[in-house]
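I'd like to ask you about the structure that follows.
Read from first to last, the chains carry the letters A, B, C and D; within each, the first residue is number 1.
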Amino acid sequence: MNMNDIMSLIPLWILSSAAILIFFSISIKRNHKVIFVITVVSLLVDFFFLTGYSIKHLQPVEPLLIIDGFGIFNIGLILLTTLAVVLISYAYFEQREERKEEYYILIILAALGAAILVISKHFASLFLGLEILSVSLYALIAYLRKRERSDEAGIKYLILAAFSSAFLLFGMALVYAATGSMEFAGIAAWITQAHEMPMIVVAGFGMMIVGVGFKLGIVPFHMWTPDVYEGSPAPVTAFIATVSKGGMVALLVRFFNTLNGYQYTTFMLVFTILAIASMFIGNILALRQNNVKRLLAYSSIAHLGYLLVAFLAGEKLGMEAVIFYLVAYFITTLGAFGILATLSDKERDAELLEDYRGLLWKRPLTAIVFSAMLLSLAGIPLTAGFVGKFYVLAAGIQTHRWLLVIILVINSVIGLYYYIKLIAIMFDQKQAARTSQELHPLVYIVSSVTMAILVLSLFWIGVNPEGMMTLIRDVIR
Amino acid sequence: MIKLLWLIPTLPFLSALILILVGSRLSWRVAARIGAGSIGLAALLTILVGYEFLSSGKDAYLHVAWNWFQAGDLSTTFAFYLDSLSMVFIFVITFVGFLIHIYSIEFMQEDEGFSRFFAYLNLFVCSMLILVLADNLVLLYLGWEGVGLCSYLLIGFWYSEEKNGYAARKAFIITRVGDTAMAIGLFMLFTVFHTLNIQDILTQAPLVWTTGASMAVLIAFLLLGGAVGKSAQLPLQTWLPDAMAGPSPVSALIHAATMVTAGVYLITRMHIVYELAPLAQLWVGIIGAVTLLIAGFSALTQFDLKRVLAYSTISQIGYMFLAMGVGAWSAAVFHFMIHAFFKALLFLAAGAVIMALHHEHDMFRMGGLKNKLPTIYWTFLIGAASLAALPFITAGFYSKDQILWLAWAGEKGNLWFFLAALTGAVVTAVYTFRMVFITFFGEAKTKISHVPGMRITIPLVILAALSLLGGFIELPHTLGHLTLFSDYLSPLLPSVTLKEGIESTEWAIQLVTAALALGGVYFAYILYVKQPKLSDEIKSSTFELHQFWFRGWDFDALYNLVFVRPFVYLSRINKNDVIDQFYTGLVQITEYFNTAFVKTQSGILRWYVMGIVVGAILIMTISLFVQP
Amino acid sequence: MMLASLIAILMVGGIAAGFLARVNQTACRWLSLITVTIAFGIILFIWIDEGLSMTLTDSWLRDLYIPWIPSFGIAFHLAMDGLSLLMLALTFFLGILAVLVSWKEIQYRVGFFHFNLLWVLAGITGVFLTMDLFLFYFFWEVMLIPMYFLIGIWGHENKQYAAYKFFIFTQASGLLMLLAILALYFIHGEQTGIYSFDYFALLNTTLTPDTARWLMCGFLIAFVVKLPVVPLHTWLPDAHTEAPTAGSVLLAGLLLKTGAYGLIRFVLPIFPEAAASIAPIAMLLGVVGIIYGAVQAYSQTDFKRLVAYTSVSHMGFIMLGVFAFNELAMQGVVMQMITHGISTGALFIIAGVLYERIHTRDILRMGGMWKKVPFMGTVAMVFVMASLGLPGLGNFIAEFMTLIGAWQANKLLTIIATAGLVFATAYSLRIMQKVFLGKNIEGHGITDLSLREKFILVPLCIAIIWLGLFPQQVINTAKPTVANGSHAKNHAAIHNRTRTDNVQYTSAFDTERRKP
Amino acid sequence: MNVLPVEMGLLLAGVLFTLGLISVLIRRNIIFMLISVEIMLNAAGLAFIVAGSRWAQADGQVMFIFILTMAAAEVSVGLALILQIYHHLKTLDSDAADKMSG
């Protein structure tokens, strides 16, 4: 490991040291504000380092990691998303009695895991990143100990994640046994050489798909999503929905592209089936859901299905579409859960549909932002979600995946129903009796500014996506 | 002066506009002056224009107001075309119309919708004038539908009665059925000639078609469809008797004198097409013959004074159709004019009677009015005589005799037409005088509540005079041979070629006609004055037939059964739109799936583990065993 | 820039009105009114400026091209020809009336209402102007959301259901259109190497008949759902019935027209052969719509629902005319778009005016109102007559031209469509009978039209009569577009001929070469 | 010393994995479920060692140590959560933790 390697890993160092710094800071004095500031600053510093230095020094760190444009972009995305989650979290946790400071350690570690995940090019780093992410998430999910549901969600996630990790690991072991390499490139080289894939490798990849599919929350590995979304604190849900899933998508893209997986019709078939099942089952499950968190969980299943359509389309446009969709989905999901978090109170999160009745008249801006997010999820123009969906459709059509594309359209329509149902409730003339107790207004400023930035970028990307498109195109090249 | 032709329809239109917009604020005197005055001016103008037109010796005069619309090949103008045929019509429309307006001022004086009435009536006159003056068929269609609208509005004038509204809608819808046929006829004409200008079509038709060309026949039939609708001929005659729900002046103007003869105008106007389509022309005659009999027999059984007249109108228009069927164009137009006089007279007089008897329509509850309403009685009698075609003195005799004669002697005539016309003549005489005897003779059964004033009697007298004298402008060979009217129309409408060697029978035919008319009157006299019991016996012995005729040969029932009820039924059962069920079904299927899928989210951890295992097995199976 | 300013004025006006309402509701109404009036003024200015000197060769009046998403070849491309001009004039005319009818009716959340109203108009304006297919889809969707809110918030009893239905139907069909647009984009890109969503570029795409048919179906479905064509119409009665008056006016008057506009602007020019090949089916659907809508209308007891079904019936004429492929029918279609917008809009306004007075739309509970409200009755009579196609009113010109044009294409269907006029008479007169004539059952003591209402309805009356008597200006304005559009078939014929000529030529060449 | 064929080693790992899997499915006690998952993880670790020995690389063993570490972390968090659940539910039956469903 030379100096260059060390330099290029600085973004990871910063995150780890931030975690340690907070750790020490807590042992000196518990102060939510200070911890919060440390977290925000370290995330920002990391981001600026990334964009200032790393982007100019692209290189692999043999044998585990690779710092390339794609990786940098994804780390940047993860950092910003984490930042947004942290910003939302402040107000959310301020009104709760539990110890809030460790939360920031955990979330920074989770971000670290995701960052490792997206730049890994080796099974070992993949595994490490994944597990750092997962273990942090177990604790994050169950963070609000006093809620009965949080430990239920935690244990469910833990058992299932470990269970699926076992599949992933076993799959890796099989692949390794056959190919003798744990580097993606090495495996790819071996397969190219071998002409035909032996059964053991196929089985290995198959088992790895289980592990990956679980993290992505696609059908039939989706069942944890609603329960975990419901049981976790709203900011954590946002984090799971974005960073955890997005990191896995990025990894999948890298792995598949390195292996040039598009030539293996078997795996394409598997993913096609998973995509179709995810779209249908996710959307249909959401139809009559009364819990907003669960509704968003089901909708996320469907959205991952949409994403798989772009993924399956492959080629350059497909990759661009995947990334763009991810960005749009990140913004939208953060926005949605951000609103949910701001509306939550000490006892419980604002998760019932009834909590939103007549919101437009009570808190018009909040309602409009939430509507914008929902419309973006539904893929309505003026929002980033629309351009994302457009991108996905374009990718699908370019490679003639008509079946997928038409199923996507059908599902968009089904999905529309529950998004507008939620909007309709917010626009209802009756108002919910529930009013959340008000904290000091300053507390909300952070959240409000975050939401404002999110909604502005939502519209900005929706109306003028050219910049984002160029950026993504550069990154992929 | 002829340059002012455009003013003739415009005046009534303006008057209608004023009355619609501000009518409710005008006193009845002002409204009456505007309403009737505009028609009076139009009538005056008509006479001046007519004088100039006749003295100019030209065949036609065209006034283009503006280009209406032009797209693709289709080019239509808003233009008025005056020739001898339209001259007759606008004369009748404005002149009779004016008399009826005068009459209406008194007749409608008490009505709260006074100005509305005059607005509609003026609008009607305007539309009717456009109809007969139109230089192209689209404009004619405008007038055609316009009169339909006014007819609808006026039949349902007393709108708070449900049945009036029903009658109005019935009239509009049934005539619309005919109009549909006519519209299709226009489409076909346009396809053939690439124009809808009447004169262009008429000039080109003989060049394009040979006699009997199937296209010509088809088009002629379609136009005939429009004509039978408007003129209440078989099979679309059923609306006219119900149309009597409107005020009497309306019945007189629209449903006797003018609108219902629009069909006659249309066919006469397009006579060149019909000459080229002998089959269609024959059917014009057949329809006329059958209608005049059916309507005549129905008229025999009615007890509502106005319904008798309505059936009589259908029957008399049947005569006109018969005339056109044998190619006796000018005879048809002549009968139209005379009919307009006497039928307007009869309706107005009947209206006066009805008004006098406090809106009593039933003839059998009238009676004995001969002495109490002498003016009405005498004018009604003259009208009746003209309708029954009492020989030599009445105008009706001359016009109808001409038709009878040509149905017999004309080249296209035949024995059946003649017999039908002859039977019709007897029946006409019987029902006409049945009406006269029942209404005016015998003893009074209802008290008189209103004695008609000058505004009612003067139009009656004028019309009565015309009903008597109007016939003398056209006299048959045997009686002076005066052909003013047919000469006047001759450049436009060809005369009938007679069968060879048949002239000699003319006097015999006339004699028979005259005798039968008189015989009919005598028969009615016996039945309804001398031995009223006899009529009751006849009635009871043939009760079924009587009722069948009374119901207008059950055409209404038939149409209800075949068209109206299925339509309404279909419409009713599908009120909630069966197609929507399909989409509801889709939603239900999705909801069913939702219910099924939600069960999988049981919340039980092991169940979720099972999900992953199943997924793993599925993936392994596909990866290992399925080779796409 | 004038074109972009139209959209911008409406959007900015909408936002401003929305905020202004917090201060003063009346000011918000006035602001909306002024905004739409300015837009109307601009259109009139363009019409007067250009329309009078319009010729066939120079058919595009204004053009604005700003690159938007260059990596996809998407541009903010607006252009206006006679057809768009007419549609925009109608849009703003009805827009003004929509603001006026809401003056008293809407008392709840006034600001947000006007915001939505103006944004619907902005979306519609965009649809009528855009010459970039991506942008077209963009506006196509943009107009839906405010419309959804108009129905969903200010509608009647069953508004949520209606709003969902409306949104989901149009969205589903719109997405299929997006698929077709994208496919067309890629096919064109692969052929020419130029990836662009520009309308004029995509016009020159060569398609195999099969592909063309599929792609056209994608476009078609979006447009026929909007139009709507039976059996895809069922969203319409619900949406029209439940919407507030202004919403119904915009729906019937404008949103349905976007479907017709799409057919004329996109389906026919881009897929001439494919359109010709399905013409009989399309015309059949049109006729089915005419009859079905009329039969359905007859049995309805809800005033607005009845009028909604008459829309289904009237829009059948558009389908019939568009696929008749001749100028006459096409002119009829354009005319029908305008006159139907006016006459049906007016009937909805009358329904709204009545609802404000007696709080019911059930025509069985009305009756005999003429005596109380003669002015309203007269106005209603005019529009009822327009809806049954009485000559002298605009609808007649439209229907007559459509039918006479359709006759050249398909005789049997035209006959059935013409018979539909009889049904139209039946349902139209039923309106008159149940509402204004007959006995006054419930003894409504209602007042006649107020000055504001007269101010709304009288211009509509004048417009419909004016169009009936002097339609030529409209026909002339639409002529350049329509003449090109209906020449699609001839184009196709020429196209095919040259293609087969080429084949023959090469084969002849081959045989000659082999001979020696 | 006879070298066992690599297939046999993997088969052994596979059998272990399947046993763990089945026992996760049939056990209701959360602790036992956790143990079963650990068995599966160890099976994967065994597979890594077998694979590493095939290629005579240390990588397999490195991965095994990673797996051990991760399993330990997981168990520690897991046991903490199980304590919480027992505190709330007074049972370790995993089927009792079904408050969230639908």
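Here are a few things to note about the model shown:
Just so it is clear, contacts are C-beta pairs under 8 Å (C-beta built on N, C-alpha and C of every residue); 3 or more make two chains touch, one makes a residue touch a chain.
Keep in mind that what you see is a predicted model, and the values were worked out from it rather than measured.
Each of A-B and B-C has its own count of C-beta contacts, and the greater count is at B-C.
Chain centres here are Cα averages; for subunit A and subunit B they lie 78 Å apart. The distance from the centre of subunit B to the centre of subunit C, each centre being the mean of the chain's C-alpha atoms, comes to 38 Å. The geometric centre of subunit A is 26 Å away from that of subunit D, both derived from CA atoms.
In terms of their C-alpha centroids, the spacing between subunit A and subunit C amounts to 43 Å. Among the residues of subunit B, those touching two or more other chains are numbered 598, 601, 603, 605, 609.
For subunit C, the set of residues touching two or more other chains is empty.
Residue positions 24, 30, 33, 94, 97, 99-102 of subunit D are each in touch with at least two other chains. Pairwise chain contacts present here: A-B, A-C, A-D, B-C, B-D [touch as defined].
Looking at the complex, you find that subunit C touches subunit B at residues 165, 230-231, 233-234, 237, 295-296, 298-300, 326-328, 331-332, 368, 370-371, 374, 378, 381, 385, 390-392, 396-397, 400-401, 403-405, 407-408, 414-415, 418-419, 421-423, 425-426, 429-430, 433, 436-440, 469-472, 475, 479.
Listed in rising order, the residues of subunit B touching subunit D in the complex are 598, 601-606, 609-610, 613. Of all residues in subunit D, only 6, 10, 13-14, 17, 20, 24, 30, 33-34, 37-38, 40-41, 43-45, 47-48, 50-52, 54-55, 57, 59-60, 62-63, 66-67, 70-71, 73-74, 77-78, 81-82, 84-85, 88, 94, 97, 99-102 touch subunit A in the complex they form.
On the subunit B side of its complex with subunit A, the touching residues are 590-591, 593-594, 597-598, 600-601, 603, 605, 607-609, 611-612, 614-616, 618-620, 622-624, 626-628.
Taken together, the subunit D residues at the contact with subunit B in this complex read 21, 24-25, 28, 30, 33, 94-95, 97-102.
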